[in-house]
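When the chains are written out, they are named A, B, C and D in that same order, and each has its own residue count from 1.
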């Protein structure tokens, strides 16, 4: 017995057509007319779009930061993901000082296993590079299903690596079929500016964004690309925010450097005017890189349209305003950086990108599902609607409107940066490997059947 | 009763998966497992790729040029197209001085109707712009199924338009949902250089390419983009050949100008060293723009990979070497410009692009079928393999090799520019709207069942 | 018996030092201490700067335009020049349809000879290019003392040349040691936009600048540079106004193209907000290219500082508001284009460039005197303060302030675009070849002793 | 009693004219005709050029490097300078670990005082930045006559500073009127590549240049400019070598960043083919940055012409081939980096720049004397020929030719990188503050009368 989704319009990164889809044993088995068996269950979805389940390539669930931990763990985080149409997340497993990669990954498997509503994979964020770790990189894609590592050019004295490590990591990763994800901000500039603001008593969260200027991001992206070019390696720039950095990526792609870039909904929708409120409320938007001047947004949308930007991910890294963000109020550098978004990615991209015509439906699917699945070694299992692929399908009803509010969200955090934003369209159904997790907008709770997705080498 | 193509690997601009395809009544009706009816014909194609039938957006069949006419008419041209895996061509119907667009289009319908093996559409090349024609533009997409016009910035005193006409045509086309295709070379520069060479007695075909320097192309592309930007219009640059022009397009896309660009296999595979033979044989390669220095090619391949270049078309415009190319041998400017290629596009792109990894299989499909179908208003009827689309399918066997030679070609011309080139892979079957036109590499001759494809407004 | 200027500070394009200057027989004969003869006249100028007499490389005196003629002829124009510290002007002698260059030049000599307060040279503006004229170009530098011609890319159907003529003129000029000065705006775009505005009844002078967008200038500059590069010729872009065009020039210089560029005080001081008054008063600022958005100004100043811009000239082309500018008030395209400025160049450049530190005193001298003298073949006779050079010296007192007003000007026109502008510093003395033309700010009237300066080939 | 130099042609950065020069009490007192006193000594120099004495802004005399010291000390180095037409050098005084700037400068004064043939100033190279040193920066221009410091982005673990220090040094220097000179190569890349080559047993000097790719320089220049821009500081890039870095500087100047750049004769004349000899002889050319591909040279010459490059200095840092360069022959990283050149700068620039027309005589003077004197606070005392300036004059006879060879040089080193190079022109006389140090090509030995030149703040 199979399942038929009938009457919807299938949207992939390329195609757009009305058709039935038949699912059996977790997989899509057929698309078209006359494909059903007599005992199939049929779900009628006239007027709806069928998108491939979203792939969010950038989350931080259950991540210890300073002496707190992110508000969302794998349970609440993946529940919110599913409710937002994201059926696969890739979380940044983090190797702390002294750990082997194997130990670090084991820790993250412990956090996730049995707790996830969505399928999940891991990147490996490395904070303690040394010769032993360099050797262990080969193990990641060969045995652990991990084909990407992450390094930081910011957070001096904490996470930041110097150029020698970055260069060697790029070389070694390329040998091993691993892609390097990189937080590109110049940590030395930021470290200096932060200290200078604090020394002058400028401690309000308002100063957070002034301590992380766009030039610090542009510089880091430029440097990272130079290092990748010399190393003949592949680079993935996470959370790119500004026109200056975008121009650098466009130029590098144009001359054949293997560089990919990601942006996030918050950089497409919100802007630095959110910091101009001098109250502590601004701490809600303390993220890194920070929100930028509004005129960057049209450049980012254009980048998504033309493919200079490859992926929209969320950098979901939630902290409660009360108790976490406001734990220290007289030093902006101590505010935990990050905010929620895994639940909102498809909704806001659709509403503010597709509806006004900034990106097409195909581009929407490509940036939120197909391209991340391809770059991170999960395609065609994830990221498309095609026979043989996992039956991860989002049924989207474009004929509704709603308002985003923290009071209704599944994200386990006490605010949303999109509070009061209108959303056009909503999720009617979500299928994860054929399991009907969301039905008519309602979660079938308790179904933590997400599994680990072993990813192929780059 | 339907038809099943079984055992192949379907490649679209996004997807890659093994599956059966079922065809009925000219359309693809289903893809997947268990989709057949008991009386379906089954064609087994294990080990083969299924590509969407190719769309060649740039041909010149039966085109009068000077006092001759191109060697291929719609019969031989579309036969060669089919044998090369191209199931749809878009030919440049040409309005000559004094004609209305309606008259011009009627002429082209007369040439094509009943003679075509492949489906066909028309662009409208305009050589006599005036107020009446400006009005008539609206008729093209509304009633004639034509959503693109073509103008020339070269061929001074013959086809060339000045910037005022070009600007107005861009403005008017945008109002009407029509895209402007443009031959971008500065005709004034070329005109001057040609006359200067001839005045000095430098009449050999060797001087053809020296009279059309890359800077003349770059200048024209730059100017065209400026005019399109001012007119808020959409521009399609035909046959882009060189890195300088490519950089201009990349920059324009990056700042949001609506510009698309096409290149051709000859610019990807051949280079200006072909002109260095001082014999008249060089006339075979007298095309405009001319072949360029070899180092341009990696830039063009990179452009196809990143999407700076949208389309690979052929600019098929064949003349026999004996009798046409050599009709006048003491004046290079009198050699009819152009060469054949509609039969070779997929083969050489696959062999010299996909096999060495310069472009992926998905990109190959996108540039040869999907993107031209989309840009020219034929998608999703043409350009993809999806339920509901026309059953235009090429079955490609990658396990064979052959050698290109004029003696075996279907193009009705006495040479091929790719003489002696190795080809990897070959066409096993071609289906046009379900009709099995090529079977095991053999043409089912006499089947001129190609129909006119009315295209949607841009 | 000589003349000593004592106690001032000499400023050249390189140097800055306090010293005496001794003049004899029209020439500077010595600089330094102890250089006088006992019978020398001594003029004490403590606290003042000594600048080389200004060279204004762009004036239009006594120029017929439509059915009127510019308000300033050579008498009033050069009187104003002298009062503004400009001791040499280069006027655009114009060849009208049917004339030989020899005839045209003779006409301009007739206008100037015996009427000039300042020394003068001529460029040759060519409006009727043909083979005979191409031959005659050689005569200009060899026998007529003219080493620059001018062509127009704007004014379609009137002055505009096509690219073939421009290209040939560049080639021919290079052979002959002649530099091509070029008005760079795309006349086809402008022609189209003008007609479209007028067709819609938008006839107010407000529409003048909308019909000449920056992109039309950028395009023309780009094209001109491409043509010059192909012709291996030397190009001088007159009145460059905007950042877009400036970037193109910077890029061309960077890759070694022989291109020079000029801007004018009006583009450095005034901006397009002057057009936002909907009254006809705006016609005062109807110049071509038009005034631009204010943010261009910092780019122009930076260009003067770094040498991307070589020269500041005035494009002095004055028309009275009453009787000329307002002769036709219901068609902005009929307003004579141009305005006065030869009297104000040094004053406003000093006040708004040197005083706020946008350019140095050396750069001020270089852009207003030295570089134009060098580019146009008059150096070292003109453009510097050095032994052997003509004793053209401006004594500038920086310790005064005044207000620019039409009521006090020597320019023979009923308004000034700088009405009410403050000026810091003023002219105390002007010497032309040792003649003391301005003494303590007062003109020694009646001294029309300006002579023709035969210029050297480029 | 004065001294008259008669009959020569004076060349400054702007001017070119024949004139007498009169010197009295170390200063130029007059220029022109009839300027002499009856008891003046007269030196006739018909047919010769008079250049301002050269200013070499980049030397390393008596510098300890590893466990050796540069071959030239202040005595031999400044003697060679004088013989090469350089009358002022600015040496890099170096603060070693633990020293105050005052101590470091005292050390350098000890090395120089009483030993110099040429006048001299100091930059302060800082290798141990800390809060105390940051405070001491203010002392440099205020009391010590030093208005520039130097930092290194290369030489990891030895001289290299991180971005935080560089950024703070830029901020602090700007406050104090100090310019930051910067060695721009990414030391982390180089450190990694060096170790990788050595690990593979690739120890020959051939690998020196492969360990320092142009991209490492481009990256560092880009980063330095970003830091300077953020700090609103002034940056001076020492020894720029390649087109990639040049393009970055051009772009930065174009957008108004306060950046200046220097190149050296070795990068203009020699190229990386010198490394292709696999013998140890290649060690002679082990300099940092290394020699580059030949096609960079036209870009550097063009940069000097247009002012993207401001200064030509030598980076004179000589080591004997026998005993120093070859002390260790099995590890290219241990070869002392540097070579001689202070004696050859004017000769080779004149011969290979001025004679073939790559730069003009004025530009030659500007890049070798005027602009370094201006940038480093010594103008107009040094760097020009004008009344009131120091009588530092080089009399250059352009009518001779010679061949450069180590056997005849004054530099105290056993080879010259320009061995066998032809030179056009030679030095007839050199005057330092009026002292006739070189007479008819012969040094008046024993005259170590060079004095310390206290420089003005930037």
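Everything below uses one rule, namely that a contact is a pair of C-beta atoms (placed from the backbone, for glycine too) under 8 Å apart; a residue touches a chain by one contact, two chains touch by 3 or more.
This is a predicted model, so every value here is computed, not measured.
Listing every chain that touches chain A and chain B alike gives an empty result. When you average the Cα atoms of each chain and compare centres, the chain farthest from chain C turns out to be A. A straight line joining the Cα centres of chain C and chain D is 39 Å long.
Centre-to-centre, using mean CA coordinates, chain B is 58 Å away from chain D.
Chain geometry summary: the mean Cα position of chain A and that of chain D are 51 Å apart. Residues of chain B in contact with at least two other chains: none. Because contacts link each chain to exactly two others and close back on themselves, their graph is best described as a ring. Of all the residues in chain A, the ones that touch chain D in their complex are 156, 162-164, 166-168, 186, 188-189, 191-192, 213, 215-216, 218-219, 222-223, 226-227, 229-230. By the touch rule above, chain C contacts chain D in their complex via residues 10, 12-19, 22, 28-35, 37, 247, 250, 253-256, 298, 302, 306-308, 366, 370, 380, 384, 386-389.
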